[in-house]
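Naming follows writing order (A, B and C), and every chain is counted from residue 1.
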């Protein structure tokens, strides 16, 4: 008798026994997002979208403007993305194409090590070493050479800035993005590499062709990296300068949403709207992060189905 | 013509390798500087670094980070079982019923959960646990850590269970094992090395987490506390507070604590590598 | 003299010896077919010619191989491969490139054509030679997955031709295709020998009989017999060749 497979009673019981605890993930997600949404409601009702039109943090007078932190989050993440783009793709290619044997495992392990390292370690190192280094070797030279470009128009006083935060966060997401790109690149079936050799391509030409084959997955990896950069807190707090001043110059101190929250949430209960405003700011970040992650993951899955199968 | 092609090839290779070295350089520099600075501090303080309380801002002595160590251990001990159990059950579900829509949903949910910024988790647990309890606590911190660890345990365990060759499951059913029997006696034991690695990597993640504890743990540094319902400190939290402060002695303590944390992380990482080495089938 | 010369070539993969002291001469501008039962080492033999054997873990090659005036084993394989096109058993057109781009990329990277006009010409020429032009001329910007298996293989042939190779290697090109498309492919192959030297591997003696000028019979890693096709098919001198032609092995 041909038909669909019917689960036996025992299978059903097994399934049901797993259900309660597995649903926990769903419950956690729902509770989390709901809490954030509910706690932000007050702010939206009271201030509306004007909340994002200015850059002020004045809880005593209950005046708030989240423009600087939101722009700051987006800018630092963009710079982080650029850093990851420049460093991760070469690293992934090097591991996939130019390394073999022991050296390959060592370098892969180093990437893994980097990926799991607590971000507070990055934060401490960045604030004490990276920022001064960037100030001296990147920000000051750029400022003196190209001051007419608005991005470089201010003189870096301490080095703590959107630029420094972006580079620091970028360094911290390099292992994550590299791993994603490497996995995608290595899952390209051998037959396409053979096809490259079968038309006389050099190694460089083959890499170009294979990279273009993997392009959707690489873009997805960068999107996922951006989403991760958005949520980064400890590195941001220690490097961004914590200033509500919004300027077009990358070398001036600024804020990110997570840095603002880290600095101000603890005292927020003293005021009427401070807490709910902070919730609304993180709501924006959470929604963007979840949406981008979703897009990134499904793109990679779809790409895999098309190419790897 | 020919030599231009070769030259382009060589330039490309050089550029790629140079950028790769640049990509790896920071981590090496981090490890060097953290250990150099941190061990100098710990060496000066001696074993009291692990037993004493943190110093006052203007003190000459470095003191110790005992409260932070205790807090980190306590919260890890509470959060780990929660995250491991929930993650394991969810992983068993998706491994045993891979095409069920619920399994696909769980996968997607885990990914979404992982993309929530950890500071958001801190805020949420603050609202849901700290405020009702009217106090910061190790429990609140542990809950926040568990929430963050959950997608990680799920993903590690799910990969581990899915990599068990189906021949073993088939063999289990061929001798009339029940579903749960097959899971407990075959699936999990065969995957134990990967599962253990997953647990260890989760430990590494949890002990280094800072943002989740900002509004939940409480920063109690004036004594060592092992009570789950009282405020408590944690190593990453101490580092965070002290490195942002303007006091030199606190910076020193921060370096020492960072070195300790890094060392612990490296040891856990090494342990996972050693476990995998044994899986030479 | 000869497009390909092999002297006492042995190939080991790990501990196993796949090819045993193979000696072969492949004349220019012919269709040279390597026949033999499965597992006899035909694919390995082919992959030695364009050094694709390098991709196999633990592979070792001994002996002397001359390919188009290269000392194949000691030359830079990437240099060597610029003159050799290969079509594989399973069609592998690049899925992310259109039909046009698949053919064009081979011409571009080998400097066969530079301007758009030149590329258009080469693409048309290659697709015509592969007997695919009529079927795709109105949909050059479609993607390979919209083609049938047989069409995809002819696309791969066009791609290999677009690089204007001196030598064309075909590894059981019709193994995964329907008979109608297989015939079209065979017709295309035979028509190529004026421009290119063709080396083809097949396990079907019938196919060999249809296309070959010269044949080598491979059995258990050894060349058992080689010579002009007509001669070998009419009067096979070894027992192995006879059994092969009768379909017994």
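By our rule, contacts are C-beta pairs under 8 Å (C-beta built on N, C-alpha and C of every residue); 3 or more make two chains touch, one makes a residue touch a chain.
Just so it is clear, the model here is predicted, and its values are computed rather than measured.
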Far-end chain from chain B, centres as C-alpha averages: C
Nearest-to-centre chain - CA centroid comparison: A
Inter-chain centre distance, chain A versus chain C - centres from mean C-alpha coordinates, in Å: 48
Centre distance in Å when chain B and chain C are each reduced to the mean of their C-alpha atoms: 53
Centre-of-Cα separation between chain B and chain A, whole angstrom: 18
Sequence positions of chain B contacting 2 or more other chains: none
Contacts with two or more other chains, residues of chain A listed in rising order: 202-203
Touching residues on chain B, where the partner in the complex is chain A: 5, 8-9, 12-13, 15-17, 19-20, 22-24, 26-27, 29-30, 33-34, 85-86, 89-90, 92-94, 96-97, 100, 102, 105-106, 108-121, 123-124, 126-128, 147, 150-151, 154, 178-180, 201, 204-205, 207-211, 214-215, 236, 239-240, 243-244, 254-255, 258, 261-262, 265-266, 269, 273
Touch list for chain C against partner chain A, complex: 50, 52, 55, 78, 81-88, 90, 92-97, 105-106, 109-110, 156, 159-160, 162-163, 165, 169
Chain A to chain B touching residues, read off their complex: 10-11, 14-15, 17-19, 21-22, 24-26, 28-29, 31-32, 35-36, 39, 86-88, 90-91, 93-95, 98, 107, 109-114, 116-125, 127-130, 171, 174, 178, 202-204, 227-228, 230-234, 237-238, 258, 261-262, 265-266, 278-279, 282, 285-286, 289-290, 292-294, 297
Touching residues (chain side chain A, partner chain C) in the complex: 190-195, 197-203, 205, 209, 212-213, 215, 306-307
